[in-house]
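Please read the structure below before turning to the comments.
In this document, chain identifiers A, B, C, D, E and F correspond to the written order of the chains, with residue numbering beginning at 1 in each.
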């Protein structure tokens, strides 16, 4: 199967991190292609960033999806995921969704741990959008500056391990979700330093995408993810306009 | 006070409808200016449409907000509302939010009534995003084609009245929210044909915006709507880029 | 429009405070008349107080409502609000309801801050009755005696500001609702000392009442706020008896 | 033990019905005294009625509680129950509460069945106040006039049995709560005609009151039902005023 | 009436404790017979223990129920309760259920206090299964070893009283449920040292069972506790096999 | 990886069906071994059946888990899943859980469709236990007898397709979960006759188990799935006793 990894952030370093975490998780027959947002912000952190990240993610999917069997939107808040499910005929998985649903298989409640306090409001809305508030013990974030987004997982590894410990002891987390594209791949490195299972969202997303392809789901023609009626638009990205208009 | 009415749909006819419903509700000292989306779809109906509607709404606000005391995003699903609250220093009100909160003052549960079945999934997510599922008795939509978006309220008035009746009798609605920019102004016309109060979202939004200006709220420097840290971007609309970067 | 401000507490000093906060918020064409409970307790603080406050509020409304376009029940727990909506043909707004719904327009979750620990149980039930638990980050109250109910907002201003700070930092409040008639008018005085928007419930109630009059809602003949069937009673206040019996 | 049965309705016929259902359920050592509301409405049916029913119930308790070990507020919506728990040093049980909690021992979800459509809004608020919405499959009421409140259970027995059947088949009720003082005693008569257990609220209330006396709970000095601080009042019923002021 | 007290733990000392707490609560006409699990663990503490406790509880009920009018499963997590309600024609009450429902009559929210940290996950699932999460202020457990399960209530009485105090002050408990068979009878001993009412689950269970017998509920033939269709099994306990097969 | 498929039903025909659905979903490097319950009922359908199914599932896992990298409890209600997670050091996946979480990736709300009305109460508790009530549009079951449990999917295929249609149109399901071991493998056969994606739980469970092995989670030493303290037991299955005692 061919799997498209859409990084809606503009940082190539994050794409590299994501790909490095994705490849080892993939089955031998899964081919992954990772692409970086052509416009937007280096790292999506807020609801405002996510508005544009969602639009860019759909543009990237519109331009490239036809060559793939499934796709992953690789930013933790899953920008544009609902829209992608409406428009695309292939399965699309969100990074946050993949990590949280994997965590549900490992514990009653998962704790979300991330590296920047700015992320919390958007992440919280993401948990709610997925209807998983009852399974989430809380969101904990570091509150100190970092040097470079591509290096934050190394720079902050010790602090993140400590934060995971607080999520376990104080919030009652049964499992830790390391959240955010910049933390892709970190779980394996800190696995033995955290008292409960740790989920790598990127690895989880690859496996969930493989599962969906194995399940061979049809494109719905009913329900809320049915293909919307074709319509005209003006001024939108040409790939998106074509997708929306069916032309 | 000066109030910006942002229509994130590209239909000028909807802007005219919205303005016509807004003006009579405004206090004598309120000046309303209505603007139409420069790009997007004629009428936002789906989650996919809303992704681009949100981006355009923020672009419109970024370009114009400085001359205003408050703004309204005048599409029922409130595209971009959270982002607007992060970025703007003036109060921003959503059309759906305004209608639903006004309805809360008139009944235990409000029924949402609209004209197209395509709207239901997006509206449902909007109700949930606002945390008002417990106050909503349900969403009912017509399921028949219409001639022109700017005329739908006249063409379908009788059917919408009948649908409101079902919302009252079968769902237990205490109050009806006529949802969607194309229905702006309809409430006054059908008021006496529906057994419970009917809320015009556009009128409600104008009054809620006036209330917020009267309350004179500060721009938060804490909480989830604090101004995000300034950051660089690439390829975004220049007004948005300036707003995000603080330059 | 003519707006009746019902203070269900027996303290004239509170009526004066409420009126002083209400008048500046009113539109030029709004005439406000404030009346004080003829019996009851100086300040409603508990569920027990509220039982009698509710009865007195309905008696006051029954006696006076016919000369008004809308009314406000000006005690934070909204005593008698549901009953008032059943019996009255004019819109009735609760002080708590008005403040909380206004706060919903300014933040994801509002923190309720008040001056006496005795109020918390009743306030909590009020939040639940309105179905707004998911929008409330918590209730925080001072726990120290005060000199006079009419002076408590001045005496405790610094402590209340500090308490609001805790609601923001520890509970995650995006906006603060200063709760209780004795705090009417305080928001404007402490606005710049609190990091998020602060809602004055009295001002919000006036604007919400104006909104309802602008929306011109009909008296429902269906739904849970329809006029109850007329019935006889014995021993009740004559105005109430007349209202209930339709005579 | 001595048990006070407070009927907050003014109908003596209901007091007789309630007493007739209560006596057989009582243990030999339980002495029940039933009293009728000296003022109010013949049968509390709405939120408006309940405001005055709550006040009268507290007045009745204030005047009589000192001679009793426990009390029951014998109207299904439990008017004044929270206030009674604050003010009284003896256990107080609500008729609705007793029936619903007994039903929880017999099924996953209970269906509430009653005789008049006017009751539904108030009953619904009562279920919510008790936090039992998740255990309630729905409320079903007859919608036809009846001859006399004291005879309604006989007149409508067949219709109520049929309605219970619908609650079971259509709503998924595991157990039926026959709601409202006028239905006291009916459960035994229709027991064999309904496919699931039927709860008589009056009998349940007697047994729950006996349980509370057996548990010998202390009057709380903490928590939300602690005795409120003594305070002055004006114009209230003398027994209530004495209770509130501690004099 | 004859009441079967099923102790699904294998500790005879717990059966003695349970019986000692049950007898004083019983009415003169109630005869209680207490039996101890013939296999399993000395004290059920975890979800794993409860799997086997549930099976053994059903086996004990299957073997003995025919001589009784009602039964109690006397372990706080109510192992096998749902299954018992399906299979048995007599009312069955759970120890946790009885304590929690009694507590609902005494406060808005109950705090669960117990003696071992291992119990918390299972207890939490029990609260959720009963749909009482909204009425529970939290679960607090001691985290120190004890000498003998039959003596833990005496050994830890002071610590449990202190823990109850924290549940009241920090969690907002209105009432304390002392949870777990090893704490049966403790409530009466510490009643005056805790600021809110304390519920003894064993005493509550006896009274609830008496209530159910007084209500004389029929065995449902509809709803989720109807008798399952008879079926064959293999390798199960003979009493259970007979019950399942109807032979 | 080596994957243990535990069928807690005693029907060999179901084991064959489950295995036939599992094998095609497995990666080339996954070896699956399927075992059948040595005691219990042919098909677990009720809460009572599940009590014994849970015990047997743990016995089967205790006896065999050491040779495997992961295990699946292959009955839709996931009997014993929580206990298995406590006791086992390998990941354990439930059939219901796997299907429901896979469905979450394909739609807002999933509809559960099964073949026997007896299953509904137990399935409903399973959905609640997983905290997925908000993602479930409802459970629909056939209500007619069938010939043989191993043939039910063929015999009832048309009726199940029709039932799925009702779940989509009347309940708003975005995706259908065909529930119950007897339906394993049916999804592929009816895929094109249902308007939304259909999830085969057995296939989903295999892929979820592969995902968990890929994520390489540690056995928790904290949280609610930490290994319980070792303890003695009496009369339990020797493998279980050894697991519980650590000997």
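Note that a contact is a pair of C-beta atoms (placed from the backbone, for glycine too) under 8 Å apart; a residue touches a chain by one contact, two chains touch by 3 or more.
Computed from a prediction, not measured in an experiment: that's the story for all the values here.
In summary, the interface at C-D recurs among the listed pairs A-F, E-F or D-E; the equivalent pair, sharing over half of its contacts by residue number, is E-F. Comparing mean CA positions across the assembly, the chain most remote from chain C is F. Each chain gets a centre from the mean of its Cα atoms; for chain A and chain D, those two points are 52 Å apart.
The mean-CA centres of chain A and chain B are about 29 angstrom from one another, to the nearest whole unit.
Work out the mean CA point of chain D and of chain F, and you get 44 Å between them.
Contact with two or more other chains is made by residues 108, 121, 224 of chain B. Of all the residues in chain D, the ones that touch chain E in their complex are 25, 27-28, 91, 93, 97-98, 101-102, 104-108, 130-132, 134-135, 168-169, 172-175, 187-188, 191-192, 194-200, 203-204, 207-208, 210-212, 214-218, 220-226.
Per the touch definition, chain C reaches chain D in the complex via residues 10, 38-42, 45-52, 54-55, 58, 80, 82-83, 86-87, 118, 120-121, 124-125, 128-129, 224, 228-229, 231-236, 240, 244.
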